[in-house]
Amino acid sequence: MPDEPKMPIPELGDAVVESGGSTLYQCMQCGLCVTSCPWRLVEGEISEEFNTRKLQHMGQLGVEGYESDNILYACTTCGICKIRCPREVNPIENIRALRSMLVGEGSVPNAYKPVIGSLSSNGNPWQGDPKTRTDWAKDLDVPEFTEETEYLLFVCCTSCYDARSKKIARAIASILKKGGVSFGIIGNEEKCCGESVRKLGGEETFQELAGHNIELFKSKGVKKIITTSPHCLYTFRYEYPELDGEFEVMHYTQMIEKLIEEGKIKPANDLNKKVIFHDPCYLGRHNEIYTTPRNVLDAIPSLEREEMDRFGKDSICCQGGGGRIWMETNPGERFGDLRINDAVAKSANVVATACPYCTIMLDASNMSVGKEDLEILDIAELIDQSL
Amino acid sequence: MAEKIGCFLCSGCGIGEKFEMDDVVEAAEELGVSLVETHETLCSKAGLELIQGKIDSDGLDAVVIGACSGRDKTALFQFPNVFVERSNLREGVAWTHDKDDEDDDDEVATQELANDVIRMSIAKAKSAKLPKPQTNEMTDRIVVIGGGPTGISAALSAAEAGKEVVLVEKEDKLGGFANKLFKVFPRDYDIAAYEKIDLDGMIAKIEANDKITVHLSAEIGRIVGAPGKFDVTINKGSDKIEVKADSFVLAAGWKPYDATKLSHLGYGKPNVITNIEFEQMAKEGKISGDLESVVFVQCAGSRDDDHLPYCSNVCCGASLKHVTYLKEMNPEIATYVIYKDIRAPGHYEEVYKKVQKLGTLFVKGEVQDVDEGDEGKLNVMATDALLGEDLFIEADLVVLATGLVPTTLDAELLHLEYRQGPELPQRDYGFPNSHFICFPYETQRTGIYAAGAVRMPMDIAQAIDDGAGAAAKAVQVSELVREGKATHPRVGDFSLPDINFKRCTSCKRCTEECPFGALDEDEKGTPLPNPTRCRRCGTCMGACPERVITFENYSVPMIGNMIKAMEVPDEFEERPRVLVLACENDAIAALDMAAHNGLKLNPYFRVIPLRCLGSMNLVWIADALAKGIDGIMLMGCKFGDDYQCHFVKGSELANVRMTKVQETLDRLMLESERIRFEQIGINDYDKIPAMWEDFAEKLEELGPNPYKE
Amino acid sequence: MSSHHTSVLVVGGGIAGTTAAVEAAELGHEVYLVEKSPTLGGRVAGMNKYFPKLCPPYCGLEINYRRIKENPKISVFTLSEVKKIEGESGDYTVTVEVKPRYIKEDLTNPIAPFEDLEASLPNEYNYGMDKKKPVQVPHELAFPYLPVVDAAVLENDELRKQVEGLEGVDLSQEAKEMTLKVGSVIWATGWVPYDASKIDYLNYDRYADVVTNVEFERLAAVNGPTKGKLLRPSDGREAKRVAFVQCAGSRDERHLPYCSGICCMASLKQSTYVRDAYEDGEAWIFYIDIRAHRYEHFYRRVQDDEKTHLVKGKPGTIKYDANSGDLIVVSEDMEQNKIIEVPVDMVVLATGMVPETAVHKIPFEGLTYDEFGFLVADPETAAIYPAGCVKRPVDVATSVQDATGAAIKSVRG
């Protein structure tokens, strides 16, 4: 039975453009995004239904049928389509705009309701008590940011509240201290950077969070920021300036690289492990930092470094971006499994990464498809061990 | 006929190593040449001086140069005022054959081949003389038919190259279809700058040029004659203007496809219009900025077997432009373009991209229905392949992107008083026949060149360039024909066919078969030659059953004598002897390439190059069979829709003739398989050894030619 | 007043340049044709067949060469490059560098002296897919039909030793400069294929059996590296299933934003090579839009072939399956509304055209190039006339058309 013909509502496309999907109409429907998309690497419902190209076309025409979780909310914003698109379309922004229009109308996927709620009430997406935001730093003697401090260390909410992830924050702080970096944390007044909530369509929430942070940073005299997550890096670098929040931002791996180069730290302890690096989308494709994490790893003695089959610009997403970290994904459709399989095939002992989302997603996959002797570690943890 | 022939034999490049040169000298001397000289490098300064010295001292009127292929060192072996025959001992013998076994007296195949090659060349030289140029008085005037952008460009180009131009336009003003256009592409492809076409500027240039005469509201009434001496009657109302001209550019343009045939796309319903109507309305300011929704339907009639099977090339660009008209008036107008493929080649991609950015909605699909809806709206139903679903669009206006039909399709434009008809022969869909890849301006009527949309669908920018190109060909006619030279492809050839009318039976074969319509007829059907139309292919010569058509340096007896000069053993003691008649444009080049690649060929084959297989006269087959030759192979260009023959029909005609003679052979109880036609491309050289061997084996099966003495 | 010359300089000996040269000469003008490589013919000499007639390019070249050979008004300079142009329309002074061929003028046999040389240098005529001898005639339809010593010989003692004593070789030859006075200049230096390795996701550098369309043309040619057999470069296996990926670089803001205009027709043509070579051959053409605007009938013919599949979709992934040795092309098939994975023997990337003027600017002041490097024709100043693909990406027929027009423009006045 043929479906009823669809009736275009061209005003919808214009609204997408106004909501930030400025490249929507540039799409010429070549379909390169579709087969570049990591969903093609797995089999399942979402893979069947989610088609970036078609989503652009639906947005252009303003026809219905894109609203389901499996279509509109499948995109992990990994950015591979964006860096390849021959027309320089940014499908991520177009999808974000479409999502924001729905969220703006109050139509929020169930999985995101608590996230948005927590962000509004707690300033973080993890239902964490704001007062415990700096608990990760217990016993570490992490300095507080003052006017004399050079760098603000901005710790991702995930590493503030997630037990596993806290270790990463601790490792980073430890390294910075060993390297004699002038840094400090602000503490409980900080709120989530807002990167992911913006991607899932929570534009209003993002504006609130970002506004709060910018105000806060300015009032504390922050000029330079070190982020623990490449997601925070992205939003501070590319989105906060639009809201008049101009800061000099760097990812912690960049600081480590600098410290090693300047001889301020020297990884000395042998690792004797085969380490494979997983490029986080937001570190690689979104911030174009590819060599830094590798240089840092290569500084560790007796570390044998391996590459995944797809790495660098081609790296496969962990599936944690774009709000997917809060969505359930059926077994078999998890991108993290692909990375773990690759690491196992290459006989790696450690998958190193540099993003709290990646660590969570890969850990989960490692538990289901990995091997017991395979560890998921943040670069910071490896460096700290080696110092 | 050449009387004093010098034969010069080169032993360089390994030629001397493959056979006994003394034997060849002997063979040449037996044929009664004035002198035979051998040299180890004829192409050296000393060798060339030897030849020129002998020409001067012995008063030679022809030289046979037994050395490399005539395709090589062409410029070196040119000697003024003597007939030069290049006898191919290098590629044709030495490089494609092994030396005969010295210990076996019966192994003489390569030697015999070399001897025959020289014998045939000497026979050719004996039968030839150097053609005398027949110069012509030219008018240095070119008539351009059609005063649109193509014609204007052609006229200006020809005038600037020094010719007088008569520009004939059927409307009462210049500009052609461009008059109806609102805006056109600027040259820099910046759509922000779609500009009004500067027709006035173009026309002003025409008016300011005192070499150009314009006749408006005028049409060609009649064309009689040939390049350099065309008599042209231009009808202007009841007036008849007579001009003389050398050549023509036919730039009569196009007309839109008849939209009344497109009722399935809604034409005929209110607010369903064509792109032409849209353009005119835009020009007249009649398009409302209050429209809410406009649908452009691409390929309306084009790419459609029921209408125009071809792509009209310009409609994608036109609709892109039309979208900008709307968006400039009111960016809120929803514009849909329903397409099969967006064809925006080259820099037009930039336009496509920019039009996309205006918010245009491109839908790959087909319109299924256009119906009248509520409140004057149109309901458009279309498939959307990008969505995999159907769309329902409410539109205020539907614009059908209709295509181009060349005026040559059904209008009479030239009124040529030619035996073969009044207009240019056509290829598909009404476009003139041509070698459209390598030599796109060539037509089948010498001195008449098509340009612009009559040649193929094209936009204005291309048409302007095209007008210049066609003008170049038209101007060349004046320059070449003045000196008595042929035009393309035998440029510079002075030879002309001579008809012995006493023996002509007025069978009309030559007048019918000439691919270029060069021959007219009188009432009885006797051919009336028009030498300046002639392209020297010799098709008439091949067609003539009475063999009354002859060129000074190419004739039926000449080739006949070459065949007769071969020595054929009495008995079928060796492998079969084969005569190869080969097209000199492609097959001969392929044979050379076989030699350059070191391929070995059957030594019992004797090759005679023909100008074109169209010049193949059946009597040669009779001559060859009578001579005792066991088989005849014709090596010609591919024919059919994608013909490769440079004279359009030559190889095809040869094939038809061969089929006829095969029927005769069958009747005479002589196996028709003794004659074989091979279509060969220039780069099929690798296939030749097997092709020949296969034929030789077939002939061995058939046994010796029963006419062998 | 400066002197007025009517002679024409044509730069580039490909189809546009040779056409411009013969057409200008047949208009009665003195022509200098300057070509940088050792032979005329340009890109088309490397083509197996022309679309849509599937006829060999040598055929038309042969006619044009004959027109050149028999026309004393044309002087051909191969191995020559224009170094400087000064002056103005009607009175240009052109400096041309003529590089040595390292072959003595009195050499008669272009083949035999070099027969025993080992083919040891990359053969640019076959895009480096096979080896050529250090001295040889470039190819079957070289014009002039002369051998040339590869410049690499001069740099390599081993090769030098092999070549030095051979008949006809003279390594002491040196480059010369000459000055030409001409009235006009036609620039027809053509195009270079876009570097496919820049489109990283198509894995051109990674898999030997991912080739470009110009390379595939050589594989199909009888005088190509496989003697016209469609075999895989990696293992010599028959390439019976071939995927053609359109717009490999073209229509891409990150590579060539314009459409190269010819690649659709080229791939349609090349699909017939596969179908003609193998009875069970199969071809897939992955496209955005099929731009067969000039030759719809040919498109239809290919479309009608049941073993040739036109797929609307742009592949984002080309994988290698180690078990079967197949390459697997992953693409959307929009019209079937699905994602397909097609195992093939070979992938042909339809790479586009880069105007030669984007790589080498013309040594003359005041010319305008567009953002992609195409030379902009300026009818007003009539400085230097572009012809063919330096002006816009076009097919052979359009190049010829353009060159013929350029010929009359160049001789005006």
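Going by the order they are written in, the chains are A, B and C; count residues from 1 in each one.
What we mean here is this: a residue touches a chain if its C-beta (ideal position, glycine included) is under 8 Å from a C-beta of that chain, and two chains touch if they have at least 3 such contacts.
Predicted, not measured: the structure shown is a model, and the values here were computed from it.
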item	value
Chain ID, smallest distance between chain and overall C-alpha centroids	C
Of all other chains, the one whose Cα centre sits farthest from subunit A	B
Whole-Å separation of chain centres (CA-atom averages), subunit A against subunit B	64
Whole-Å gap between the CA centroids of subunit A and subunit C	46
Whole-Å gap separating subunit B and subunit C, where each centre is the average of the chain's CA atoms	23
In subunit C, residues with contacts to at least two other chains	251, 312, 334
Touching two or more other chains - residue numbers and ranges from subunit A	28-29, 53, 87
Subunit B: positions in contact with at least two other chains	342, 353, 364, 386, 388
Subunit C - residues contacting subunit B, complex	15, 22-23, 26-28, 48, 50, 52-56, 58-60, 62-64, 66-67, 69-72, 106, 108-109, 111-112, 137, 140-141, 145, 221-223, 227-228, 251, 257-261, 289-294, 296-297, 300, 312, 334-335, 337, 370, 374, 376-377, 392-394, 396-398, 400-402, 404-409, 411-413
Interfacial residue positions of subunit A with respect to subunit C in the complex	28-37, 40, 51, 53, 84, 86-88, 313-314
In the complex, subunit C residues that touch subunit A	200-201, 247, 251-255, 288, 312-317, 330-332, 334, 339
Contact set on subunit B toward subunit C in their complex	12-14, 41, 43-44, 71-72, 74-75, 95, 157-158, 160-161, 187-188, 303, 309-311, 313, 341-350, 353, 364, 385-386, 388, 428, 435-441, 456-457, 462, 465-473, 475-476, 479-480, 489, 491-492, 585-586, 589, 593, 596-597, 637-638, 642, 644, 646, 681-686
In the complex with subunit B, residue positions of subunit A that touch it	2-3, 5-8, 10, 13-14, 17, 25-29, 53-54, 57-58, 60-61, 63, 87
